[in-house]
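Note that chain A is present in both complexes that follow, paired respectively with chain B and with chain C.
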Partner chain A sequence: MKKLLEISLGVVTSVGGFLEVGSMATAAQAGAAFGFQLIWAIVLGTICIIFLVEMAGRFAAMSHHTISEGIRERFGFNVFLWPLLVVLLVNFMVLSAEIGGVAIALELATGIGFQWWALPVALLAWLLLWKGTFGFIEKGVSVLGLVTLCFVVGSVMLKPDWTAVAGGAVPSLPAHDAINYWFMASSILGASISPYLFMFYSSGAIEDKWDESHLGANRAIAGLGMTFGGTISIGVLIVAALVLATRGIDQVDDYHQLPLMLIPIFGFWGFVLFVASLAIACFGAALEVGLQQAYLVAQGFGWTWGEDRKPRDDPGFSAVYTASLFLAAIPIVLGLDPLRLTIFSMAVTAASLPLTVVPFLFLLNDERYVGEHRNGIISNAAVIFIIALAFVLAVVTIPLQIFGGT
Partner chain B sequence: MELMRDLLDKQVFDRRRVKIGKVDGVVAELRRGKPPRIVAIELGSITLARRLGARPGEWMAQLATRVGGKRHAEPHRIAWKKAQDNGLDIECDIEVGETSIFAWQDWLRDHVIGRIPGA
Partner chain C sequence: MAHPTRAVPHNDRHFPVGCLCLLLILAGLAGCSSSNQVAQQSRTAASAAQTVSMVLDAWVEGAAPSAYATAALHSVGKTLADVEAQIRSAEIAEPAGRAGLTAAVNSLSVAVAHAEAELRVNNRTEVKSAQQDLRAAMRSLAAAYTSAFGPKP
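Let's look at the complex of A and B:
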């Protein structure tokens, strides 16, 4: 019973981690522009992240080390420096985009421009990290995140042609705007396979004191949690395809178009649900990314870390998330368009993937860390596939962004 | 033990299981006619900067001296006889409070973090 509760909490948590401004925005754009045709990208991204999250959790449970620690320890400082700098930069952009997402939600709700909300949002996120515990952050915010299920409910209520939806799960060539199509496919993959997600997950496993007995739960949480997250993203895509595209919006280039998605289904409450979903999903992600910045630095340099400690007991760690949150608010305060920043940061995430996924192949096959629970053939095949995919994304994303981005 | 694989970059704990840093460098003594012997491990930004090159190392040493005084002009060293290999990690028979390894964290606590309400 206790295990079951733990698993369900874990599933809810990972749904909260999965869905953020990037997955919502890319899914909405893809649905509006290409109907159901890009569902396969969400499916593919979800399968990849299931494998990576399972491995990150297994690595932490077996070795009591996180993925970031493993990269530093296994590959040395001179190698670690690259993923460190790149992930810090990518996470900075993602964090800024998440703060922007909450700020846009608040603008939609109040009519006060989003720039004004960036600092209050960062302050509130900081306050929760400053005073809260890991369990509080992890569970509290992600339970609220279940409001995003409204997209799944909405997509069912719209009675889509399910054969066409299933057809979208199979990759196909676009009939128009090929470059934009592939750009969106790679942004969706970047939004689904987020380094912050699996790195955060391995830190969470240490915070929750996982050991070998959690391997089963880890597998269930990774599989079910990410599947739920992916399902919600597909819900967003279906709703966008059926509502936005039929109302003549095939280019989502402004956040203000997005609340329209749920209004035909739920009326005024659709607006409320959209704003709540956007605010909560982005806020939860902002907490996780902010914390992940501190995890990454503290773990890379071997400092004391842990969200359950008082800030004065790990000053270096708490200084990093404090600085990260407030720095990330600056671009939004200056009026940088959150939607463009989101799409851009998802593309950069995709381009940075090789640096963070290649280590999995080595870490998860190192007996000194994972003992007898090394990767089997399937997991290794999956990692090699993800690495190959990551390299393709790294090469094509930036050119696609330049020629086909919005 | 293989130095690069089993020692360099590993997590270091002190006697009270406080995480005090990584093994940023290893100091070995060359002996005539005998194999070299490890005498200490090094921690800290100067050692890390030296791993990127001689010049970054000099810059970091100058910076550390300017910011932290003479006490911080050299990397932190822990004698090898105080260190013990615990598989994945290195445990040292010292207390971090008795060294200057966490001097910057203490400064940060006393001057910044500790002054913010609720810390």
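Let's look at the complex of A and C:
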């Protein structure tokens, strides 16, 4: 019974953590511009992240190391420095975009410009990290994130042609705007296969003191949680396709367009639900990414770390999330468009994937860390596929954006 | 533009991976032409106008707060001004087509500015009048687009 509760909470946490400003914005843009045609990118991204999250959890449970610690220990600090710097930079942009997402939600709710909200949002996030425990951050905010299920409810209420929806799960050539199509596909994959997601998951497993007995729960949480998260992203895409595209709105390049997705379905409550979804999902993600920055640096330099410790017991760890949150708020305070920043950060995430995914192949096959629970043929095939995909994304994403990605 | 309300696209042609590079190069080259840029800007204007139409409908029905609707219209107004400037500065083969598009986008901007001003004072009657102006401007844009980029006899 306790295990079942643990799995349920884990699934809820994963659902809450999956949908954030990146997955919401890319799914909305994809649905508006290409209808159901890019569902395959969400499905592919979800399958990839299921494998990576399962491996990150298994690695943590068996070795009592996070992925970052594993990379540093296995390959040495000089090798670890590159993924450390790249992930810190990518996470910085993602964190900024998430703070921007909450700030947009507050602008929509109050009419006060998003720039004015960035610092208060960073302050609130910092206060929660400073005072809160890992369980509170992980479960409390993520449970609230279930409000994003309104996109799934909305997509069902719109009665889509489910055959066409299923058809979208199969990759196909675009009928128009080929560059934008492939750029959107790359961004969706970047939003789905976020390094912060699987790195945070492995740190969380250590915070929750996972051991070998958690391997079954890990598999269930990774599979069910990420699948539910992917389903919500598909819900956003379906709603955008059926509400925006059918009304001639095929370019979503202004965040004021986003609430229009739910208004025709739920009326005024659609506006409220959208604002709540955006605020809660982005705030939860901001907390997770802020923490992940601190995990990464503390684990990389071998400092004491842990969200459940008092800040005076891990000053370096606390200083990193403090600095990360306030520095990430600056671009939004300066008026950088959060939607553009989001799309750009998703593209950069996609381009940086090889650095974070390649180590999985070595760490998860090293008996010194995972013992008899090392990767089997399917997991290794999945990692090799993800690495190949990561290299393709790294090569094509930035040129696609330069040549006309939205 | 001839079909401003695009049906949900679904395409079941499956792609051979080798076509991707060729496709990217071709699309990249196509994307460089001024004519294509004008067509793209016109589509942006159409999408922006549809956004305004939806925001106003929601506001009139009480489903969108005034602060949001005003901010949305203000933002779209800036997009339309930018589109108009880009179309004006583009060099295309048929200046007459460009003039038609510029005039249509300008009409959209005027209608949006009118709607935004009336939204600020909560004047529903005038907002509805601005909605009609907007629809007329959207029809003009569709006609100008067809004239500039549609099949020639």
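Convention: the second predicted complex is superposed on the first by the 406 of 406 C-alpha atoms of A that agree within 3 Å, B and C clash if a C-alpha of one lies under 4 Å from a C-alpha of the other, contacts with A are read in each partner's own complex, and residues count from 1 in each chain.
Methods note: a contact is a pair of C-beta atoms (placed from the backbone, for glycine too) under 8 Å apart; a residue touches a chain by one contact, two chains touch by 3 or more.
For clarity, every value in this text was computed on a predicted model and none was experimentally measured.
Applying the stated contact rule after C-alpha superposition, one finds that A:335 touches neither chain B nor chain C.
Of the two partner chains, neither chain B nor chain C is touched by A:216.
More residues of chain A lie in contact with C than with the other chain of the pair chain B and chain C. Once the two complexes are overlaid on the shared chain, A:254 sits against chain C while remaining clear of chain B. When the shared chain is aligned, chain C comes close enough to touch A:242, but chain B does not. Once the two complexes are laid over each other on the shared chain, residue contacts for A:376 go to neither chain B nor chain C. Within the complex, the chain A residues that touch chain B are 63, 65, 69, 72-78, 80-81, 130-131, 301-305, 310-312, 314-316, 318-319, 322, 368-369.
Interface of chain B with chain A (complex): residues 4, 8-12, 18-22, 24, 43, 48, 51-52, 87-88, 104-106, 108-109, 112-114, 116, 118-119.
Against chain C, in their complex, chain A makes its touches with residues 34-37, 107-108, 110-111, 164, 167-168, 170-179, 182, 241-242, 245-251, 253-254, 256-257, 259-260, 263-264, 267-268, 270-271, 396, 399-400, 403-404.
The touching residues of chain C, when paired with chain A in their complex, are 4-15, 19-20, 23-24, 26-28, 31, 43-44, 46-48, 50-51, 53-55, 58, 61-65, 67-68, 70-72, 75-76, 79.
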